[in-house]
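Here chain A shows up in two complexes: once beside chain B, once beside chain C.
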Partner chain A sequence: MAEIFIDNKRYEFEGQTKVLQFILDQGLELPFFCYHPSLSIPANCRQCYVEAGQPVLNRETGEYELDDNGERVIRFFPKLMTACSLDATDGMVIKTHVTSELVRRGQKDILEFILINHPLDCPICDQAGECPLQIQTYKYGPEGSRFEHKKVHKPKRIQLGPRVVLDAERCINCTRCVRFTEEISKSNQLTISQRGDHNYPITAPGTEFDDPYSINTVDICPVGALTSTDFRFKARVWEMSSTPSIDITNAKGCAVDIWTRDNLVMRITPRYNPHVNDYWMPDAGREAYKIYNENRISRPEMVVNKDSIKTSWNNALLTISEKLTGAETGKTLVFASAYASVEDNYAIQQFFARFANTTVIYVPDIKPGTGDDFLITDDQAPNSSGCKLLGINEVDADQAKGMIDSGTYETLVILQEDLVGRGIASTESLTQYFSVYLGTNNNSTSRSASVTIPITTAAEHFGSYVNVDGRIQRTLPAKETLYTDRRLDLQMSMGRLDHYGTRFDNWVSDNNKIDCIPAWEFLVRLSHEMNLEFRYNEAREIIDEIALKNSSFAGISYERMDRELGIALQDQPSKELNPA
Partner chain B sequence: MSLTDWKAYKPVLIPNIKDYHKIDVYEKHGGYGALKKILADQDTLTPQHVTETVKNAGLRGRGGAGFNTGLKWSFMPKPDGGPRYIAANGDESEPGTFKDRVIFEFNPHTFIEGSIIAAYAMSITTVYVYIRGEYRSWIRMMEKAVSDAYERGYLGQNILKSGFSVDMVLHSGAGAYICGEESSLMESLEGKRGYPRVKPPFPAQKGLWGRPTTINNIESLANVPLIFNNGADWYKGTGAATHPGPLLYGISGHVNRPGVYEYPTGMLVTDLINEVAMGVRGGKRVKALIPGGSSTPPLRGDALDGVRMDSDSLRQAGSMLGTAGMCILDEDTDMVDYLWRVSHFYHHESCGQCTPCREGTGWLEKTLLKIKAGDGTMRDLDLLLDLCTQMEGRTICALADAAAWPVRYTITRFRDEFEARVKNTVYALS
Partner chain C sequence: MQNFEFTKEELAKIDAIIARYPNPQPAVMPVLWMAQEKYGHVEPDVQKLVARTLNLPEAHVHGVATFYTQYYKERKGKYVLDVCTSFSCQACGGYETLHYLEDKLGIKAGETTPDGMFSIQSVECLGACGYAPMMQITNDVYVNHLTPEKLDKVIDDLKKDQLPEFESIPLVQNRTTAMENE
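Up next, the complex of A and B:
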């Protein structure tokens, strides 16, 4: 196997690799800005300098030449090399800043150059705290600057597109954003304009940066030059906690991190998952913070004398259990949902299996033509594949409408699905029924339902979702509800403020906790009320049961999903869900 | 021809013939003869043979780097049926360099003929000619010459019924010095922003549109027919032994008769200044000589004796041949002013791709501007030299070196002038 020596330590490698990528793969450190594993290599920031040398081969014997001490003779390149563009070769010797004074000097020189025209407005910059330039300057940069002239001034606060703002002065011209639009999103909307130290990225005149993946450029920007219109000036990085989760706004299920502060979702950023989304996610998925934060149903609601009023959980449970107990056999129509997790769908399926002749259906939400061949799917819901694999009856919107209008049923139980909003039911038709809506957000269905039960969103519960390619991934609670506490639940992430914050801090309060519970937990409570044998203590028990009972889900567990970045289920759901 | 009787030298690149740029006149004086000879006898004069001949003649590139042209051609991989290209580099934009435009104006057909021979030698069917955008009239001259060559059947399909075809495409630059760098020239030809590419891969492996490409200077290609007309031995025997051939000297600055002159390589600098260019204006002394375009280190006027215009002699003297665009500065020149103007050029022309050049060129200029205004300190001089160290050899292309060398060598060789302009400042030891 080929060998390479990095700072006097021997490593082995196979195949072709660039030195920088190899160093990073070993968990070693080398500063860099322009390099990105998924993009082409421009080697323009010149930050990843190393000294590189190759052993001298004897031309006749093909053996390594040895010096007097028996060590290999190494011929070093006369210049500092950029590790990002340097191919690793057998026997190569690399000296990084750890062992080479020249490399340390080179890295310091580059940082000094980068900083001379950088505004250094870190105190008001969104990137501060997660800024590669800031971090690497502290680690490898010069102590001060010898630059005693006026900095170059460039345009600031340019609205590049609906979702991205540019501050050209902060830009260090790494061209990651330009390469992203050329190579990943292929919209080619950005280019570098001007020349020399006046360079900055911009769209062509008269066009705007409305790429459906535009905010990814904000993530990969190594400085605060590109910021998200939405998130700009909303929160400092160190005030937030991040929780791994997935995107629930379409069927691709991009891996994301949910960033919360005081139980509000501040932003959603993509998390690396080579099997699904690499480093990217669609802009639409980042808007999901609105679903998590805004217009939430908190506390159960009931219609009393045609007025919707807040009521107690007990009251709601009693009312529903009375109705269900009294409901005639075969007269309950249950809507499972492609918008809800596998656990919730399974729970509602199993719960109503106890009532003879109850019909459980789900209605996939597919809008043909809205997807692309990248990360946006025609399927609007995150879990159609999951519902299918659970064996829930799939009906289309017209059939479902027919069932509601047929008058066959007396009771409707609706999980999460906005039937009125999707045109499957009308406000009038719903009022014909005793209807229970288990939902997260206020909508026209929740307003028409007889009883509305607030349930948790993907940002508040443990739940798994099966994406369009049949990969099951799970979410972790990022926000607390009124009934969860991140200090007690070891599985919830805790940022600095969560750990050490007190009520005297600005960002620690109970204000943003929603009074809601997971749908399965509600069904468990309902079963207590109705004296049914239906017991689960946590979502994990449900997924373990599914793994045992349903062959499609055989062998899955939360641990495996975490460790393997989701599990590709054996039984691939049919391609009809996303006709490509 | 030896170098002592240079006065008897008869120009061959820009011969003293009226209307030589017209295809009739060119043909009458044996023009396209080398091409005809090669295409008529393709069995003995195979592409490999042609390449070898050019290599053995010792033709070294006239664009500045001075690399053996035939050797460069031999780097091209074997034809695989896909397209391959020649990009002829006529983007001469360096201050002090103006030789290619003389070829465009007075002898375009030698260049065209040379390009066709080069295309034949490398089995290439498309030649791109990249001409500096500011050369509006010269582009028009070339358009005329190329269309004449097409008309006479020297370009296009089945040239002279030999079965060999070449197309020549003229391409105008848009006013960027950086596009004279070979890889950004290719980017520019592809319609992209003129950013130099990271090497490897080299153009011979992955050039224009990812296909094998050879980039040659206009003057280098114009030299090719001479080798076949007069023989490789004649070529090798002309001028300096290690750097032979006729050379276009572009002489500018404070001389009585500036202009482009053709003489063999290896001419004495003093001969060129005092006899060819008829001495320094007003009989003054030479303070500095920039031998090959603004990026080459300036030589002190009192150290020019015996220096010859070939790469070896100039390297010994502490500079480079570059493009042989000589700029003479007389004793009244303010070297601070001169250096600021050169730095201003490189600051303006840096493409801004890599950090050291993007930021360094601006810093150099700003510091020199400060010294020029009389606000500089001794510390600034050391800073300038430090910045040069931080830029040299640290970028993708050589523009950072081109910007740093004049600064480094002007300051070290004319330090007294710089010290006289800065304030003597005392800094507290801390």
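Up next, the complex of A and C:
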């Protein structure tokens, strides 16, 4: 096995690796700006300087030459080398800032160069707090600047595209954004304009940066030059807490982090998952915060004398249990949903299995041609594969419409699916039914339903979703509901503000907690009301039961999903399966 | 709006340029140059023409065009007078030359005369310090050892579309020989 010595410590490596990536893989630190593991290596920021040397091989004996002390003679490269572009070789000796004064000096001088024209506007910059330039200047930078002249001024507040704003003065020309559009999104929309100290990234004249993946450039920008039009000036990073979750706006299920402050989702950023999305996510997925924050159903609603009124949970439970108890067999139609989690779908499937002859179906929401072969799928819903694997009957929109209009059924139970919005049912046809809508957001279906039950979104519950490639991943609650408390639930994340904030702080209130519960929990309460055997205390019990009962889900658990960044299910969802 | 197109002959020439390289990127510079010689500038629409012709992203061509100051990203006069004001020329009267031209043509550096004949630019070192003060005309001929009289003549000639001849001035190669010759 090849060996490499970093700061006098021996490491072993196999195959080809760059020195910087190897150092990072060991959990060691080396400052850098332009390097990104998924992009090409231009080595233009020069921040990852190291001293590098190789042992001298005696060509005649084939042995390494030794000095008087019996140590290998090391021939160092005459200048500092950029670790990002340097291939590790057998016997290589690397000195980083830990052991080399020269490297420390080099890093400091590079930072001084980079900072010559960089504005000192950290207090109003969105990147502050998560800015590699800020962090590395603190750690490795000079204490002041020797540059006494006017800084070069460049364009500010340039709307590069609908979702990205450029502040060219902050740019350090690492070209990560340009390389992203060339190598990852392949839209080739960005370039570096001009040269020397006047250069900055820009689109070609007359074009805009409307790449469907454009906000990824904001994430990889190592300074505050590119900011998201939407998130700009909304929150400081240290005020938010982040929770691992997944993107629920299409069937790819990109791994994301949900950033909340005072139980509002402020932004959604991609989380590294090499099996699904690498470091990226589509812009559309970041809009999901609107689903989590806005237009939410809070408290159950009922139609009384043609008026929709807020009602108590008890009243809603009683009404539904009465109707279901009195319903004739075979007259209840249940819509499971590709928009709901595996747990919720399983719960609704199992709950209604206790009523003879009840039809449980789901209607996939596929819009052909809207996807690409990267991270956007034709399938608009996050869990079609999950429904299929659970063995819920798949019905297309026309068939479902026919079922609703047939007059065969009297009661409709709809999980999350916006039937009216999708054109499967009309407001008029729904009024013919006693309809229960278990939904997260107000929409035309919720307004037409006899009883509306508010349920949790992916940002508020533990839920698993099976993506288009058959990979099951899970979400954790990022927002509190009226009935959850991040101080008590150790699985919820807490940011600084959650830990130490008081009512006297900015941004701390209890105003943003929604009065809702997970759909499975509502069904459990309903079963209490109706004296049915249907008991779960937490989502984990449901997923464990699925793992035992359904062979497609065999062996899965929340722990494995967390540890292995999701689990590829054995059976591909395209297979026809019998109901569990 | 002007319609920018390459003629068939030009396209054949471009194909020959592309054939010289393993991929089309390196052809951007010569093709931009062709376009500038044809239209006198490489405004965004001309950059688009180049991108279209080479089947490359517009942004890439824009990046190349803005990198080099010799590509004119906006319309200039027929003759662009690049007056060197870097160190050597400055010491020998570069700014006097520039100001003399500005007064004579009634425009400032960076501007174009209303008749579209002349633009003046103050540029950095053109690598001809031995000829200071000097200027370059439209990325072409160098005019050396400028004096007001010489500038008058150059401007008059240019108005008659006569580019000045390049005068080669041998530099002193060997100090002792030069002294002996004196």
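Keep in mind that, in the parts below, the second predicted complex is superposed on the first by the 574 of 580 C-alpha atoms of A that agree within 3 Å, B and C clash if a C-alpha of one lies under 4 Å from a C-alpha of the other, contacts with A are read in each partner's own complex, and residues count from 1 in each chain.
We adopt the following convention: a residue touches a chain if its C-beta (ideal position, glycine included) is under 8 Å from a C-beta of that chain, and two chains touch if they have at least 3 such contacts.
Predicted, not measured: the structure shown is a model, and the values here were computed from it.
S.K.: Superposed on chain A, are chain B and chain C clashing or fitting side by side?
M.R.: After superposition on chain A, which the two structures share, chain B runs into chain C.
S.K.: In the superposed arrangement, does A:Lys79 touch chain B (first), chain C (second), both or neither?
M.R.: In the superposition, A:Lys79 contacts chain B only.
S.K.: Contacts for A:Ala381 in the overlay, against chain B (first) and chain C (second): which applies, first, second, both or neither?
M.R.: Neither: A:Ala381 stays clear of chain B and chain C.
S.K.: I want to verify the contact counts: of chain B and chain C, which reaches more residues of chain A?
M.R.: Here the partner covering more residues of chain A is B.
S.K.: Looking at A:Gln194, would you say it contacts chain B, chain C, both, or neither? Reply first, second, both or neither.
M.R.: The answer is both, since A:Gln194 touches chain B and chain C.
S.K.: Report for A:Gly206: first if it touches chain B alone, second if chain C alone, otherwise both or neither.
M.R.: second
S.K.: Given 7-15, 187-195 or 223-231, which part of chain B has C-alpha atoms clashing with chain C after the fit on chain A?
M.R.: With the two structures superposed, the offending stretch of chain B is 187-195.
S.K.: Could you tell me which stretches of chain A are touched by chain B in one complex and by chain C in the other?
M.R.: Residues common to the chain A contacts of chain C and of chain B are 191-192, 194-195, listed in rising order.
S.K.: Tell me, which parts of chain A touch chain B in their complex?
M.R.: 41-47, 49, 78-80, 85, 106, 109-110, 112-114, 116-117, 146-150, 152, 172-173, 175, 191-192, 194-199
S.K.: Chain C touches which residues of chain A in the complex?
M.R.: Per the touch definition, chain A meets chain C at residues 181, 188-195, 202-207.
S.K.: Under the stated contact criterion, what part of chain B meets chain A in this complex?
M.R.: The touching residues are 176, 193, 195, 198, 347-356, 358-363, 366-367, 370, 383, 390, 393-396.
S.K.: Once bound in the complex, which stretches of chain C touch chain A?
M.R.: Interface residues on chain C, with respect to chain A: 44, 47-48, 51, 57-63, 66-67.
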